[in-house]
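Following this line, the structures themselves.
Next come two complexes built around subunit A: one with subunit B, the other with subunit C.
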Partner chain A sequence: MTNHWIDLKNSDCIFVIGSNPAENHPISFKWIMRAKDAGGKLICVDPRFTKTAGKADFYAPIRSGSDIAFFGGFISYILANDLMFKDYVVNYTNASFIVGDAYDFKDGMFSGYNAEKKAYDKSKWAFAKDEAGIVKKDPSLQNPRCVYQLMKKHYERYTLKAVSDITGCAQDKLEQCYKLYGATGAPEKTGTMLYAMGQTQHTVGVQNIRAMSIIQLLLGNIGVAGGGINALRGEANVQGSTDQGLLFHILPGYVPTPAASMQELKTYNEKNTPVSKDPKSINWWGNRPKYLASYLKAIYPKQKPEDAYKWLPKVEDGKDYSWLTLFDEMYKGAFKGFFAWGQNPAASTANCGKVREAMTKLDWMVTVNIFDTETASFWKGPGMDPKKIKTEVFFLPCCVSIEKEGSISNSGRWMQWRYPGPAPLGGTKPDGDLIYELFEKIKGLYAKDKKAVFPDPIVNLNWDIATNHVFDPHKVAKLINGYFLSEKTIGDKTYKAGDPVPSFALLQDDGSTCSGNWIYAGSYTDKNMAARRDKTQTPMQEKIGLYPGWTWCWPVNRRIIYNRASVDPQGKPYQPTKPVIEWQDGKWVGDVPDGPWPPMADEKGKYAFIMTTEGFAQLYGPGRNDGPFPEHYEPMECPIPEHPFSKVLNNPTALKFTGNREGHASCDPRFPFICSTYRVTEHWQTGVMTRWTPWLLEAEPQMFVEMSPELAALRGIKGGDKCTVESARGSLWAIAIVTERMRPMQVMGQTVHMVGIPWHFGWVYPKDGGDSANLLTASVGDPNTGIPETKAFMVNVKKA
Partner chain B sequence: MSGKTFFVDLSRCTACRGCQIACKQWKQLPAEQTKNTGSHQNPPDMSFVTLKVVRMKEVGSRDDFKWLFLPDQCRHCVEPPCKDAADSIVKDAITQDKATGAVVFTEKTKGLPFDVVRGACPYDIPRQDPATKVMSKCDMCNDRVTAGMLPACVKTCPTGAMNFGERDEMLAMAKKRFEALKQTNPKAVLVDWEQVRVVFLTEHEPRLYHATLMADADSAGPVTRFAALDAVLGLRNQARG
Partner chain C sequence: MSLERREFLKLSAATVAFTAFGGLGLDLTTVQAAADLSKLKGSKQTTSVCCYCSVGCGLIVSTGLEGKGRAVNVEGDPDHPINEGSLCPKGASIWQLTENDKRITKVLYRAPNSDKWQVKSYEWALDEIAKRVKKVRDAAFIAKDAKGQTVNRLEAIASVGSAAMDNEECWIYQQMLRALGLTYIEHQARI
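Presenting the complex of A and B:
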């Protein structure tokens, strides 16, 4: 989230798309209701009428997988009706930037496409620069090659009629929706967009979010109270795990993983440190070498950063190591062993029938969980013959979250310290202890073995994370914050070895500081900031419920990021009734500003968006793999052979796989209906915890499939009937819920039906609960993230 | 009149069912062996071990479609007809807490005729254990309330739909909210607020949510003691019709 949960209450209009907060983030509705109490409007756009839709002031259904068409129409509407917040757009976004001559867009394709590699040469999309190396701009927005004009031209094609034809949403509904939310373009109004997996789990997932960001920027809704682009995270600590480098392409703190072509730290820094020639641009990522050096000193305190760098694992250049690819490699027999730690990929992964088969290719698997799972027991699952499976499976029971101490980081980036509750049951241990003991053993084996291959990175790893051989979350939190390793004088202050680093601004690239994660520097200084529960606010902070003393928020306790864009170039809040920051008497008050510099109009002032190289928010985003502007492509499995925007049907850069487990069925009469997966309040993820909780299972006991009365009539199905739902990859049974909440849609002149299934069930327990929805989903993914397209794929439904 | 009262603002209920689960958790009531019957409402109805159920109703179609939620439970009538009915049969089988107003079923309810007790209730709340014949329903978490805590269902509600406190404060909150809601929802009703301690505010006509959300004006109800007696004396079947 750019903002945080409480901040939802400050919104004049809450736009929910690709998420269902009433169902999946129930607490969010405490704040959404407060926004409504204050006269705010709630918009819900979703293929089905959800619990959120039930509370909305305005609901519009669109076909699953048609979001960019919907947003493209919205962008076009904003520009055509001049609803944008022009001062904001000119001052803070790259609307005025001139794009280089090599950029072009023709019939669905951007310039620079290499058909053989199925990839773009992104250098073709670069901005034009002057002799000083600064991007050329036209603040009048008239230059035909400026971002504003290119964007206008790009989205002119997204007419209300074309968008209506492809989304299945009536033109008047579209227009009402655009108008209602477009009103937040007024300077004093703010609107927030709430999304979740309904936006991301598509082969255009990243561009869906880009499209929302463009709308938010055009309306001046980023950096402001009651605004922002807010990902409603699907797990209590998914924000924290991403921050700590869970994914393959980043180290902790969003520092890119080194590639094989960058053998030296110097080379890495050259390739990964953006440079801006514009003195008004802060270009914060110019500090990246300090963050990597401090990370290296956290894990290898005795080595120089340049030596420690050599020990970091490197990825092959251009190679994808994301989730679907890992299991494709496992399927091909590339792995001997696998740790499934706190996860259930045999049910959670798209095309999980393939994943279950992939697990048979392993020699061993260790699974750590609190209950039996479809992963732990894959070898005795449906269609498996245990006698023929070589994989040896070890199950390590661990204690549950409330039995251990540590922190979680919520969607609003708040690091919240939690004390342990009851003692762990049955001698189970926290994950921290399991991993501590495991690595102690590995380290010992490497130290002892004279023939050990490349032991240095392992035997030298800083493993001071326990006290008396018990995992110590405070030690880890202090290391993540970072401390000085040698005496260092910065300005007029001298820090001693061992002193905590007060903020990332003090991190060094010379090896004198360590920090496990630069964005968390400041979280554990003279005290554990995440453990704070102080409700004190200044009268200004009280206006927006900022609560700066409650836990701690990265970065530097800034509760609303990009907040320099909430004020005009003189530092006055655009929304005086809900100010985030304000320049008063030569200093900022309110939230922690995005940097200490004076407002932009001051001669020492800086641009607002300090994390981008040029200092401006990106309406035009030349860094993504599938284009600088979001463009509509159909899901990889779709019900129509063409769409109105170009001749390119699907995302030409989507992540795809080949092989006999990769069934595919577009416009295939055997699989005529769109299917989407989702969640219910009572279950969580694959249901590993919740299926074993009797009161929750009582409320949602079985796999179901929701469908419209029209589709039910077509197939002779009644509510409560057991049905078969099948795709080109698998089949499962589900109980029919026939409901007006689902509706057929008119898409490109044809009637399109949609069904929906939850992904919480699995064959292990309960016995009559049904199996995983992911038996049906496809292993195709977004070209930027690899996230699978589980929100739009094709199925058939019939009475079982 | 003093004592406690719930104010349940249905315009804020999202059917997260936190209240339904919290009730079971506090009371340590067992889960029922349910099936999906083509609806998300589960258990399908209240039972001896399910004292609170969130009812879900789909009304209308397409553009005037509504999905209505009702966290159904005992209303703790100010003058409870179930108690009136029971008192003449087994004394103290059903009690009323003087301080809070909670209407509580005791073990002695096993000596009462179930059809009389259930029939006396205008909201169709009482349920019976088929084995022991003991009857059950919500007891306002009287143990928690007497100890200064909120009822479990209220404590867990994230949206402000469930509220609980002193009766005058709750009625003031309810009336204020009712006046505001009427501006957008002319059919909003503050259901039977003079007669009950669980006051529901609806956005639409109460019958759309559930047949017994509101007491039938011309049937057994908490309206008068005479009506309650009528129920005991045999009018209950029509009332339930």
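Presenting the complex of A and C:
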């Protein structure tokens, strides 16, 4: 989230799309209702009439997988009706940037496509620069090659009629929706967009989010109270686990993992440190070398950063190691060993039948969980013959969260400390102890074997993370924050070795500081900031419910990021009734600003979007793999052979696999209905924790499929009937819920039906609860993130 | 039901475990008083945060001081500025998640081609896992890639996990995996 949960109350209009906070983030809805109580409007766009829709002032259904068409129509409407917040757009976005001559867009394809590699040459999309190396701009927005004009041209094709044809949403509904939310383009109004996996789990997932961001920027809704682009994340600490770099492509703090072509730290820094020639651009990522050096000193305190760098594993340039690829490799037998730590991939992975089979090819698996899972017990699952499965499985039971101590980071980036209540049940252990003890043993084996292969990175790893041989979360939290390793004078202050680093602004690239994760620098200084419970606020902060003394928030306790865009170039808030920051008597008051510099109009002022190289938010985004502007493509499995915007049916760069487990069925009469997966209030993820909790299981005991009365009549199904739902990849049973929450739609002149299924069930428990929805979903993914397309795929439904 | 919304919030903050499933067909005042007494008697209170969705609702955990020292109640923290004492059904059921006889409390091991679990000790399991990790790494470590570039990586072991861990646990986990040379490091954020 750019903003945070309480901030929802400040919004004049809340736009919910691809999420369902009333059911999936229930307590957040308290703040949505406060916004409504204060006169704000709630819009819900969803294929299904959810509980969020039930509370909405305006509801519009669209076909799952048609979001970019919907947003493209919206962008076109904003530009055609001049609803944008022009000063904001000119001052803070790249609308005025001139795009280089090599950029082009024709019939669904951007310039630079290589059909063999199924990838674009992104250098074709670069901006035009002047002799000083600064991007050329036209603040009048008239130049036909400026972003604003190119965008206008790009989205002219997204007429109300075309958008209605493809989304299935009536033209008047579209127009009302665009008008209602478009009103937040007025300078004093703010609107927020809330999304979740309904937007990301598509082969155009990243471009869905880009499209929303474009709308938010055109309406001046980023950086402001009651605004922002807000991901409602699904897990208590999925923000934190991402921040801590548990992904193949990033180290902690969003520092890219080194690739093979970057043999030396120097080369890495050259390739990964953006440079801006514009003195008004802060280009914050220009500091990246300091963050990597400090990380290297955190993990290898005795080595020089350039030496420690050599020990880090290097990924192969251009090779994908992401989730779907990982399981494809496992299916091909590439792995001997596998850790499924606090995860249940045999139920949570798209096309999980393939994953279950892939697990039979492992020599061994280690799995850590609270309860038995479909992953731990895969060898005795449906269709498995244990006698034929060689995989050894080690199940290490861990304790639950209220039995241990440490911090988690919520969607609003609040790092919150948890204290232990009861001791771990029956001698179970916190994950931290298990990791600590396991690596102690591995290290011991390497230390004593003279012939061990490349022991250096193992025996030298900083494993001073325990007190009396017990994992110590405070020690690690201090290391994540970072401290000085030698005496250092910065400005007029001298820091001694061991002093905590007060902020990432003080991290160094010479090895004199360590910090496990630069964005968390400032979280554990003279005290544990994440444990704070101080609700004091200044009157200005109180207006928007900022709570700066309650726990701690990254970065630097800034509660609303990009907040320099909430003020005009003189530093006056655009929304005086709900100011985030304000320049008063030569200093900023309110939230922690995005950097201390004076407002933009000042001689020493800086551009607002400090994390981008040029300092401007990106309406045009030349860094994505599938184009600088979001373009509509159908889901990889879709019910229609063509769409109105181009001849290119699907995303030409989508992540795909070949092999006998990759069934595929577009416009296939055997699988005529669109299916989407989702959640219910009482269960969570694959149900690993909630299915074993009797109160919750009683409320939602088994797998179901929601369908419209029309579809039910077509198939002779009644509510409560046991049905078979099948796709080109698998089949499962589900109990029919026949409901008007689902409606057939008219798409490109045909009637299209949709069904929906929850993904919380699995064969392990309860006995008659059904199996995972992911037996049906496809292993295809977004070309930028690899996130699977589980929100739109084709199925058949019949009475069992 | 004539309760004002604010009053209801106040009451529900203290009686959430009852109201979440029992509705409002109770005399809340009495329940509140009784709940307060029974909860506090012989227990200590600690704060925590809900382990389910990312709203991050604050919890008050009451742990018995006598007997087995188990959780006797988990409810919303009324001082927490986000949830102001309330919890959704998932958060309100954390007590039952904890005090749950279906939890696995012993290390389990499934041998190759076996059709059952065996109970083992942590000590044994961690020793065995460590041996296997070293064996695979020693055999499959890739010092240089096909182009002769030093890559120091291990592609024969993969890991997924975990957003269910604390920040500090995630951090040491990534550090351990990278020290071993893993590149297949993924978790829930990707799905």
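One rule holds for everything that comes next: the second predicted complex is superposed on the first by the 800 of 800 C-alpha atoms of A that agree within 3 Å, B and C clash if a C-alpha of one lies under 4 Å from a C-alpha of the other, contacts with A are read in each partner's own complex, and residues count from 1 in each chain.
Simple rule for what comes next: a contact is a pair of C-beta atoms (placed from the backbone, for glycine too) under 8 Å apart; a residue touches a chain by one contact, two chains touch by 3 or more.
These numbers were taken from a predicted model, which means no experiment stands behind them.
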Taking the superposition as given, does A:Glu710 touch the first partner, subunit B, the second, subunit C, both, or neither? neither
Which partner does A:Arg741 contact after superposing on A: first (subunit B), second (subunit C), both, neither? first
Subunit B versus subunit C as contact partner of A:Glu682, first or second or both or neither: both
First (subunit B), second (subunit C), both or neither touched by A:Glu306: neither
State whether A:Asp602 touches subunit B only (first), subunit C only (second), both chains, or neither. neither
Using the superposition on chain A described above, determine whether A:Pro694 touches subunit B (first), subunit C (second), both, or neither. both
Once chain A of both complexes is superposed, is A:Asp668 in touch with subunit B (first), subunit C (second), both, or neither? neither
If we overlay the two complexes on their shared chain A, which of subunit B and subunit C does A:Val366 touch? Say first, second, both or neither. second
Who does A:Pro26 touch here: subunit B (first), subunit C (second), both, or neither? both
Max touched-residue count on subunit A (subunit B vs subunit C) belongs to chain C
In the superposed view, which residues of subunit A touch subunit B and also subunit C? 26-27, 30, 681-682, 694-696, 699
Contact footprint of subunit B on subunit A as seen in their complex: 22-23, 26-27, 29-30, 33, 49, 51-55, 680-682, 694-704, 718-721, 735-741, 743, 768
For the subunit C and subunit A complex, residues of the former touching the latter: 21, 46-59, 61-64, 69-71, 74, 79, 81-84, 86-91, 93-94, 96-100, 102-115, 117, 122, 125-134, 136-138, 140-141, 143, 145, 147, 149-176, 178-191
Would you mind writing out the residues of subunit B in touch with subunit A in their complex? 12, 14-18, 20-21, 24-25, 30-40, 42-43, 58, 60-62, 65-67, 69, 158-160
